[in-house]
Amino acid sequence: MNYIDSVVYLISSLTAISAFYIQGQEFIVSMIRGQSVQSLLIAVLAFIIAWEERSIDFFILGALIIVLRAFLVNYFLQKRIPKQKSYIYEGRVSLSYLFLVDLIFIVISVFILYSIAFSGIVLHSFLENSGNSSVLVFPITLFFQGLFLIASRRTTFTQIIGYVEEENSLVLFAMFLLPIPIIIETSVFLDVLALVVISSIVVLEKFTHEPVEELRG
Amino acid sequence: MDTNTLVETLTQYFFVILSAPLYGGILGKLKAMIESRHGPSIFQPYYDLWKLFRKVTIIPADSGVFFKYIPYVLFGIYSLIALIIPVLIPVPIYFTASGDFLSGAILFSLAAFLKTAAAMNSGSNYVTLGASRTMSFNFLSEGTLITVFIAVSLLTATNNPYTTIAFLTSYFLENLSLTHIFSTLAFFMLFFYETGKIPLESSGLQELGMIDEGLNYEYSGKLLAVAKWSAYIKQYLLGSVLLNVFLIPWGLFSTSPLFLLDIPVMLAKWMILIFIVLIVETTLAKLRLFRVMDYLAIAFTFSILFLIFGEVIP
Amino acid sequence: MIAGNLLAILILLIPGFAGIFYRSRIKEMSVAAAAIDLGLSVIMYYMRPQTGFFFVQNITVLFIVMVLSVYLLSTVYSTRYLKGTENMGIREPTYYLLLNLFTISMIFSLEVNNYGFMWVGIEATTISSALLLITEKTETSLEATWRYIIIVSAGVTFAFISIILIYYSLGTLSVSVAIAMHPHSKIMVLAVSLALIGFGTKVGVFPVHTWLPDAHSEAPSPVSAMFSGVLLPTALYVLYEVYEIEPIRQLYVWFAVISIVAASIFIGYQTRYKRMFAYSTMENMNLALLGLAAGGLLGITGALLLLISHSFGKAGAFYSSGNVLRFTGKKNIADLSGLGTSMPYTSASMLMSSLAVTGAPPFGTFFGEFLILSDVLSLHMYAQFIIVIIFLATAFISVNYNVTGMLFNGKGPRNEKDKLMSAVSVISAVMPLFIGIFYLVVYIEVL
């Protein structure tokens, strides 16, 4: 493997690690910052691909990711945290068991999804083993970690972050496969931003979600 | 009988056995210097062992037969491990072929199990404290140890650490591969747990933080000396594997008579490791016990995650 | 044809024009906009836009007319319904603005010729309708809103993976081009399966339908009517467009059958009438999915007939429920009795609607179900046929038992406070009857 390959793999794996970091956090501000870091890493990858392929599209994509995901989502969510507390404590989160369940989940999802379906996919040409689409394992892992974050936590903020993580994984996935037309990517980003804004309105009122009797059945 | 290999074997064995307590002493002296104390001399562990060997051995009345003989068995296991893994000489010597790397990991587990069993056999209360803690945390740490030892094999398709050392020294870029970096990280986190350093276990004056030290509580005299010596040897073995196979694979000589130069090289590498451990120990506070499990879960996650990715990525 | 394109753009944007009048009179302008739009969409049947940015087939025109009719009915109904809300989470002009945006995003999803934009449109419907759910701000409705947002968004994200895969293997996201291409590869099979889970979240396919009853029961009635009558059929249309690329019949048919079974079972033990109607929506949508998946002329005609009759019928059911809630303030089925005497118009519309949505003849839904099931039978899917018939019958019995229990068990004083609301619900409930009779007449004529 040459240098570029190693760097690309390293940064992709760091996004997966940042998802674990978010999973294990109890403080909401740290989670929001972790998500900004994740978006930043994906933007860096976009810039690397833009440099290697000499394509302006990826460069714009990277810039969009930084502005919309790393900054604006961060800003909107942090604005909603009540002023008198600069942190919010989620409550006892038993880290080790969450991690273990998360790992099992990842193993199953990665191996099943990956080995069945993706054998015919060819990636960008500058990656040395472009016939081997194994770097796609990182976006898939990130996707399932986002789903697990939504399923395992009860506060609204965390679930929003889980959703943004899912969208991040989709951007990463699309980036490795091919350049999606910019107009669609832009609209997807704006969509997610709007969703975060709407959710932040709900979050003001409803902070935790316990099972409700009337909504059962 | 190849004289060369025989000399190498004896050198490795005696170096491990005799120099193991030194590193604990150096660490203690440097920590004291940072904390503005005079501190003990660096040979203090040797003086302690010599003192203990001359003392009377007292055994609790309720203890079983296990209790009396296990420290010697532990010493024997660690001696065997000292010959299996590359702790001094980077090529195989006599007795290396008696087990591969994975068996080294399992021998470590065996030693931990025997120590706990012997401690429980003594029938005392403080020891049970240490034993229950050890057992609660060992399920994650043993898993990490075994997966880290297997992660070594992902780079070279063989479980042989000597091949890995040769591979890593010849191809520099492989050191940056994902599995290598993250399994090093996992092993580094594990090293702190297994050798009882802050932030996981505080030894010495406060017994409430004991995890591993508590198992030694009922031993006295010769048995205590042998148990302490085994603990020092274990620390040396784990640290040397971390240094030689994971962190810094370069600098070891294998031809004769240059292998005698390996001794100062190992000492120098250990100084680097001691330095890193020192910074961590004097900066962090000890974790509360229920967070030790979180710490180990993170190490375990790292090792398994990169084991999986290492299989998937070319 | 330029005129067609212009028409499509106009239909898309007219509800937005009403939003200009946000400060004053937005209610009347919304109603007017809805009426004009409906008229324009009928004209669109004769003047299609060019297949470029827009892609409008016969089916699409039908869907657009359906969307705009229910939109008109809901807007008219809302003008009276909102007066009685105690604890408004959003103000009334905001409500109308969001309703208009909701309609715009749905028409956008229907008209546009690009899978990516269709996905954006579906997400936009989630965004614009989320706040509508907290019109009556209670603990429960906030919880339901949140569940709606997060479950639908997380599910529809699956669909985006399938869109990426479609773009990867075909090189284009244009619907018309993709359907004409007919590729066959493993990647397309994966993409279409993922779309079933993804867009199926919005349609109400079995494992990912969980937001449906919560959102429908906690939303105000006109919004529930729009969800059931319009939003789900739009999502079904998008799913159908993806399905047409690579029809994996067995998977879709089995998922539709399992969802029908699940919906019928869930109907059995409901205690609140709005939730019961929500599960009935799920059942009907999956029947339509069954018809579309089975393919063939009979199946598609049956599905379309079912969708149109069901939209009006379910809207009528929800309007009647809204009337009942407004006039009596009770949510449980067990608490209500004797509505036949206290609210004659409402109970008439509720009875007709519940018969319509469960598929009683001569309503249009019956003919739709008949055609769909005959198509399934003609494909030799005997197991599915038998299962569906059994569980349709179960649902029929459950829903009508509950409704007649509410209507006919006793007497009460006349309580029908608002004439317009009752009128709207009766109109909406009678439409399936007309559609059914119309179809029967046409069929007999043609035959």
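We call the chains A, B and C, going by the order they appear; numbering starts again at 1 in every chain.
FYI, a residue touches a chain if its C-beta (ideal position, glycine included) is under 8 Å from a C-beta of that chain, and two chains touch if they have at least 3 such contacts.
Here the structure is a predicted model, which is why all the values come from computation and not from measurement.
With centres computed from Cα atoms alone, the innermost chain of the structure is A.
With centres computed as the average of Cα coordinates, no chain lies farther from subunit B than C.
By C-beta contact pairs, the most connected chain pair is A-C. Inter-chain centre distance (subunit A to subunit C, centres taken as mean C-alpha positions): 32 Å. Averaged C-alpha coordinates give centres for subunit A and subunit B that are 38 Å from one another.
With each centre defined as the average position of its C-alpha atoms, the distance from subunit B to subunit C rounds to 66 Å.
Of all residues in subunit C, none touches 2 or more other chains.
Multi-chain contact residues of subunit B (touching two or more other chains): none found. For subunit A, the set of residues that touch two or more other chains is empty. Remark: subunit A residues 117, 119-121, 143, 146-147, 150, 156, 159-160, 162-163, 166-167, 170, 173-174, 177-178, 180-181, 184, 187-188, 191, 194-195, 198-199, 201-202, 205-206, 209, 212, 214-215, 217 touch subunit C in the complex. Interface residues of subunit B facing subunit A in the complex, by the touch rule stated above, are 140, 173, 176-178, 181-182, 293-294, 296-298, 300-301, 304-306, 308-309, 312-314.
Considering their complex, residues 1, 3, 6, 9-10, 13, 16, 20, 24, 95-96, 99-100, 102-103, 106-107, 110, 114, 129, 132, 134-135, 137 of subunit A touch subunit B.
Taken in their complex, subunit C has these residues touching subunit A: 114, 116-117, 119-120, 123-124, 126-127, 130-131, 134, 137, 139-140, 142-147, 149-150, 153-154, 157, 160-161, 164, 167-168, 173, 185-187, 190, 213-214, 217-218, 266, 269-272, 275.
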